[in-house]
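Think of it as A, B and C in the order they're written, each chain with its own count starting at 1.
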Amino acid sequence: MSRRIFCTTSTMTVRSFSLDAVSLSKSYGRTRVFENVSFSIATGESAAFTGPNGSGKSTLCDIAAGIRRPGRGTISHYLNGAPLQGESLLRVTGLAAPRVNPYDELTGMENVRFAARARGADPLTAAPLFEFFGLARHRDKLLRHYSSGMRQRLKLILSVLHDPALLILDEPGANLDDEGRWKLAEFIELIRARTALIIATNDRDEAALCSSEVRLD
Amino acid sequence: MIEAILANIAKDFRIEFRRRFAVNVALSFAAITTLAVSLTAGGARLETRTHALLFWIIIFFSAMNGLSHVFTREEEEGTALFLRTTSPELAVFTAKLVFNMAVMAVIAAAVVPLYVFFLNVEIASPGRFALVACAGSAAIASSTTALGAIVARAGGRGSLFTIISFPVVLPPLWVSIKATQSSIAGGGAAQSIVFLLAFSGALVAVSYMLFGHIWIEE
Amino acid sequence: MAITRLVHVFMPAAIVMAFVYAPAAEVLGETSRLLYFHVPLAWVSVMAFAVSGIASVAFLAGSKGRFPAAETTFHNSATLGTFSALLATATGSVWAKLMWGSYWNWDPRETSIVILLLIYFAYFSLRSALAGKASRGRLSAAYLVIAMTVMPFFVFVIPRVFRSLHPDPVINPGMKILLEPEMKLALIVSAAAFSLLYFHLLRITNRVSKIQAAMEDLSDE
């Protein structure tokens, strides 16, 4: 199954990714979102960010992905021992989140081709992903005509098409029907061994997909 | 990186081609203003200095109506984070800069014939005139792309972009006006064009250095 | 504090020297005394802008949070610079009326100060649009850096675009005001006094900002 989805030879290479977060705090003006959060995650491991609404799960996801600065504390990413920053971090990270929205004016495939080219990945790897997540028929439809469930599936495809070493999923089951959720779980099992996985969620079943938990409240 | 830049350019142009928002607004403004000027002038013969002035005022305000769009659109449509997770900063900035240059090219391509035709301007050195129009437009795009990024993060209210762009665009505007006046009258413009290119170069360089700070989420 | 003491010494000295010690100029008469206020104010507004620019660079360069205090410095310096520029414009305008008969003439120096005011206006507009946002410091610093980059181009262009009425001993030797030694001394003392005043006020406003921030932190606990 892995070979069918990722047609490149990337499944053959062994990679060792690690993320270390020490004492992360974030405030906006006078509102403290979270304080003193530390965690580590490496290839093959998975962590769930849990907590009530407004506890900062999404903010923490952004910080883990390297697209948002922490207020205090440090976070570092390493791949095979070498530190990752900026562009190099971008190429190995995938983030699917409610506020990360692809372009409505482009088709599903155009969005995928854009994301692949921008990250230096091969757009052809996406075709089997469309099949897997049941979007093959809608590949060439403009995103503005997608339903919310289809949009969520496309977001998932966009976050995994470059075989990221770090995959962060913020409420991945949102808007998905049962079949969608089942496919998501199946996909996670496929990539689990070679990915560092973070899932931010309020859903107990989704959190159960991870081996450790970071509670925010 | 080149691939990322090209992907972003293709994406921005494709979206603009389908929505045509920035180009429509800028072109409408340019056309209406040029017509307004020529209609209210009522066939009066204007001095070359006045022509140069009006020409660049039209171009400046058309630019103010079109150049902030490329960044504001990302924030308003909610695609900014998606862009941040897929594309390196340098690629994003380069593509937006190329896009803004293209918008300026469209504006200039519209205003030049309309203005010359409707206001009956006889240009002694048309080649030089065209060069100055290009260099000046490029200077405006070079300096305001980073400013557009700043304004987009600040809520993108239309007049804010004009307020913060005006002082920055003033030097190339002055020089372009002088050089345009000179080329209508048949004089030289080489020094001015060098100035405009130097200005563009300096502003692009500074914008690249600052863009990382502007683009990152806080 | 040392600066406060110096201000207490220099400022009265400057005022006395301007009105009593320095003689009235030949052609300009008593109106020449405006020199001792107008020129230092213009000088301070430029210096304040330079300090803002440098502090902005420091703020951005120290990205790992090494110079967070630089934000208060560039903001307060911008505020002081604006006041200074407004006063310089006002005094210059009055003097222009007395000397050349009209309040405004668009000569290079007058144009420069208007541009400086435009930049400050743009800066404050940007700040207020960014109110409450975490990125306010970085974005306003970035704007000041861009404005600073444009300055050399202004300095190059303005004299070529606008004819000069300003007597300018530095750039335009042909139009010197002949300054007698007492006048030169009075001018230097005044320039020093206003510069010291600027640094003094900058220190005070920075301290006020720090206290305000500390109070906000305390009120959260």
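Quick notes
Following the convention adopted for this analysis, a contact is a pair of C-beta atoms (placed from the backbone, for glycine too) under 8 Å apart; a residue touches a chain by one contact, two chains touch by 3 or more.
These numbers come from a predicted model, not from an experiment.
Core chain by CA centroid proximity to the global CA centroid: B.
Seen from the Cα centre of chain C, the chain whose own Cα centre is farthest off is A.
Separating the centre of chain A from that of chain C, both taken as means of CA atoms, is a distance of 51 Å.
Note: centroid distance chain A to chain B, computed from Cα atoms, is 37 Å. If you average the Cα atoms of chain B and of chain C, the two centres end up 32 Å apart.
In chain B, the residues that reach two or more other chains under the touch definition are 217-218. Annotation for chain C: residues touching 2 or more other chains are 134.
Within the complex formed with chain B, the chain C residues making contact are 60, 63, 115, 118-119, 121-123, 125-126, 129-130, 133-135, 138-139, 141-143, 145-147, 149-150, 153-154, 156-157, 161. In the complex of the two chains, the chain A residues touching chain B come out as 62, 65, 67-69, 86-87, 90, 93-95, 97, 99-106, 110, 113-115, 117-120, 158. Contact residues on chain B toward chain A in their complex (touch as defined above): 1, 3-4, 6-8, 10-11, 14-15, 18-19, 77-79, 81-82, 84-91, 212, 216-218.
Residues of chain C touching chain A in their complex: 65, 132, 134, 216, 220. Taken together, the chain A residues at the contact with chain C in this complex read 28-30, 32, 72.
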